[in-house]
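Some structures are shown below for you to check.
Look at the two complexes coming up: chain A is in both, with chain B in one and chain C in the other.
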Partner chain A sequence: DMGVGKSCLLHQFTEKKFMADCPHTIGVEFGTRIIEVSGQKIKLQIWDTAGQERFRAVTRSYYRGAAGALMVYDITRRSTYNHLSSWLTDARNLTNPNTVKFSINKYTITGEQYRVMKEIPAVIWSHMVPVQVVAELTVSTVGNTGTSPVPLESSTRTAGVLSLEDILSLGKTDNSSDSGEEDVIFLIGNKGDLDAQRDVTYEEAKQFADENG
Partner chain B sequence: MELLQSQAGTNTVEDIEKDLHRQFPFHEMFAQRGGTGQQDLYNILYAYAVYNPKDGYCQAHAPIAAVLLMHMPAEEAFWCMVAMFDFYIPGYFSPGLEVVQVDGSVMQGLLRAVCPIIHKHMEKHNVSPMLYCTEWFMCIFSRTLPWPSVLRLWDMFFCEGVKTVFRCGLVLLRSTLGSSEVLKQLPGLYETMEKLRKIDQKVMQPEVLMHEIIELKVSESDLENEHRRQQKQWKSQQPASPVRLVKRIYRYTPTHQFNHSNKKSEKGSKQETECHQHKHSANNGADQKSGEEKQTSV
Partner chain C sequence: KLTMSKNAVKSRHRSKEAAILKALCKVPVDVVQLRKFAIAPDGLLNNDIRRQVWPYLLNTVRQELDKPQNVRSHRECQQVLLDVNRSGKRFPPDLPEDRITELQDQLTDLILSVLTLHPELNYYQGYHDICITFLLACGPDLSLLLVDRLSTHHLRDFMDPTMNSTTHILNYLIPILNKSNPELVEYIAKSEVGTTFAISWLITWYSYVLRNQSDIERLYDFFLSCNPLMPIYFAAQIVLLNSSQIMTGECEMSRVYQVLLQSARQPTLPLEYLISKSSDSFILFPPSSLAREAAQYYKNNLAVSTFCDYALVARHETPDVVLRRRGIYPDDKLPKKQEAPVVSLKQSYWNASRTAALAVSGAVGAVVVAASSLDWLPDFDLLVLP
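Up next is the complex of A and B:
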């Protein structure tokens, strides 16, 4: 859905930098990063699609040929989580069902996991892609017209961790495309730093993932 | 404005609020969270969602409204946006984006005439125009070109309509991909798209770009013919699609009737600051534009 942080996540992954006020995507964006899987360099191409419903008309046609997908929701907005199933249906319907078997959510990355990972010594951090999210504790002033969100606090900190291992397994499926082809869909609960405003629990997300693959 | 008191579709407020801080965040007008710039932007976007409930809020409205707001007060910007969407690019923001998709095919068709080698390359690698055109069209290049070029292009757009947008797109394609040496180095869709993401800044400078756009041999009737052809094709492929033949403005004349306005504003926009450098909009930019900005009693 819109505003869950897809482009921000991609930017973080490709540039290793957090981008505040990331412009919303109109149409499609792209990102590339070269990763190494068992000594072999693989160019990972990531398509970043617009989140607003009407752009699906445009982006849908590009699901075909994908080796995997990342489905992102915002842990502080339940509606974005509730819509996951419709995105999943799209993804399933629009990829080639004969050659593709989905296994969903090998990894659910949420704030909880991040907290565990935070204990990991700094050395290992270099192998990870920290997903930084600006803490936007926003309150809407009274009423729903003419008011804008007022930031209470705005700071940048590391929020979730998308470990390179996760992406590697994505790369691996890409690599072993001739035998037992399997596409991977990752489920990412973004904005893990806004844990206080959490609306979707980790367990729920895990259940969703388990149910669907 | 009365529109602000009315109820918009579900999630409209939430959706708009998510985008407010993402429009030109480095412009002083929009830098401050909850500042007057962002509030005006909210008002325009909300009012439009109420004004046109069928389309509602589209994320591409935001950059357009923001550019207009930099040049005129909120209410005028709103009506200017309405005029743009009604007469210049009608149907662009509908829930199925049908018109934009048809225009993508029009672009492809024109590309075949203007630069056949690029057209061939695009077809070969399955590069659909929607991959590169969507943002160009829906934001009228406001998020693509360097700022001085945005202003110049918008001036031309107001004077001459949507054909400027096509011409600009074709020029960018031609100068970025228009040689067989370049195309040879782009073995696939992805590489081609990456190349188009990084258009040379030199090409996009106003002095170069505007000249090329003016020189490009794509006439109104070329565009109209291609448009008609593609609409027909779209209709035959998707008979249920709500796209109908639309008449778009190519040149503003004072005889255009705006049925939802009571009186016309006398105020011109500040956008003509650069017009004098431009032969098409040199003398009449201000007059033409003021006709589009309507004031009403809302």
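Up next is the complex of A and C:
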């Protein structure tokens, strides 16, 4: 939904900087980062869609061919969480069903859940290289506080730099993925630093992720 | 030399300003002349003039609006606030923070007032970008009058419940490009990039992509004087300007998309040149001459053509008597030979309908004319496209 922090996440991923006053996105924006994995350079493309409902008809056509998706909600606004299932429906229906076996993997990620998450014996990575190579995803704050994200280790607050490489190492021990044709969807509960205004609990978000595979 | 040319510009602006003020003093006010000034190089020069001229371009002079009450209880209030609260980057960087807060407050009220006055209008992200432009140039009270008129005319289609009309308007881009550079159109089609890259250009009148407020204001001078489809002609010129960069490299969707997306964001965008080229292109290829191709593209690419093409064309097609080829660029390489018949047809038609067109150009110009053009447009359309 609009204002959950999609563009801010993308900006951090491509520019490694927090963007205060991150403006709305109209239509579809686009970011790339080249990452090295196992000595191979891989260009990761991330399409950043507009959040307002009316743009959905326009953004839908950009789901095609996606290797994975990040679904973002705002932990301080329940409505954004409640809409997740309709976004998920789009993500399932609009990616190419013939070439992609779509399995939903799950993570509700906020800084505070970082440690918890590491302990989840989850089904994650198959051979989705472009998504695996997300090196670090900074789960950040946007809006009210205006604070910059702080690496988890040095912060008592919940905003943190999340190393997806850690998830990657989890994925390596995962032996339940069979064909290498699975897409990955991340669930991201954004604005973890605004915990005082939290409206959606980690537990229920995790349940949502579990229920959806 | 630099000082000399600076002085030359200054004196040119001074005499233009005097001419504009003269047109404003005429009884009745010479709106056709004001349009010409707004389209011509450097537009309306400054915001003092804009505050006087824009109301004539939109025909809101001597209009009054009762400010609606309780606008903050509008159903879109939360959504508007979300966008307004993060619009800080659109305001001049030297403004003090409390002034920005005040402006944002006015912005919220401006948007919600128009939405309250017109329950049929739907807010879209980007609408507030347009409102900011007016607010900064004209202040809250005049902006309400202007934005109210603009929203029920130029922006009306963007404010439908769905984006169908907007998507359709975007498809005019392809036939305009095709007239000037068919090779480019073929390349774009092959890349399957679509026209979404231009959506923010169109629905914010470029205020989402231009960095400089004065550039945005100058462009608004132009758009306010023209047919509501002019922003699409302008988009086509931006794309044409970047055609070599677009076509250099792999014909692959994401690359082409990115080049196109960024092409309007270059800080050195030659606005006056693009305005001139857009005007030329509008005269040579009026919307009616493109309608069929645009509709075709729409059907081919979207398959959900629930929109009545014909009605839209009729609504937007207008004999704009003011817009003339500015021809200030000698290197202008318009393919004259090929277009000659179209121009002459159009010209002769314009002459015939000139009286009618002039009669209403004192009103909202383009838009008001449109209502009365419903009758004659279809025939004209057939004339041009055998």
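Everything that follows uses one rule, which is that the second predicted complex is superposed on the first by the 147 of 213 C-alpha atoms of A that agree within 3 Å, B and C clash if a C-alpha of one lies under 4 Å from a C-alpha of the other, contacts with A are read in each partner's own complex, and residues count from 1 in each chain.
As a convention for this text, contacts are C-beta pairs under 8 Å (C-beta built on N, C-alpha and C of every residue); 3 or more make two chains touch, one makes a residue touch a chain.
Every value quoted in this text rests on a predicted model; they were computed, and no experiment measured them.
Between chain B and chain C, it is B that contacts the larger number of residues in chain A. Contacts of A:Q45 after superposition: both chain B and chain C are touched. Residues common to the contacts of chain A with chain B and with chain C across the two structures: 2-3, 21-24, 26-28, 30, 32, 45, 50, 52, 54-55, 57-58, 61-62. Chain A contributes residues 2-3, 20-24, 26-28, 30, 32, 45, 50, 52-55, 57-58, 61-62, 79, 140, 144-151, 154 to its touches with chain B in the complex. Within the complex formed with chain A, the chain B residues making contact are 4-5, 11, 13, 15, 17-23, 25, 33-34, 38-39, 42-43, 46, 58-60, 62, 93-98, 100-101, 128, 130-131, 133-135, 138-139, 143, 190, 193-194, 197. Interface of chain A with chain C (complex): residues 2-3, 21-30, 32, 45, 50-52, 54-55, 57-58, 61-62, 142-143.
By the touch rule above, chain C contacts chain A in their complex via residues 79, 82-83, 85-90, 122, 124-126, 161-164, 167, 194, 196-197, 199-200, 203-204, 208, 254, 257-258, 261.
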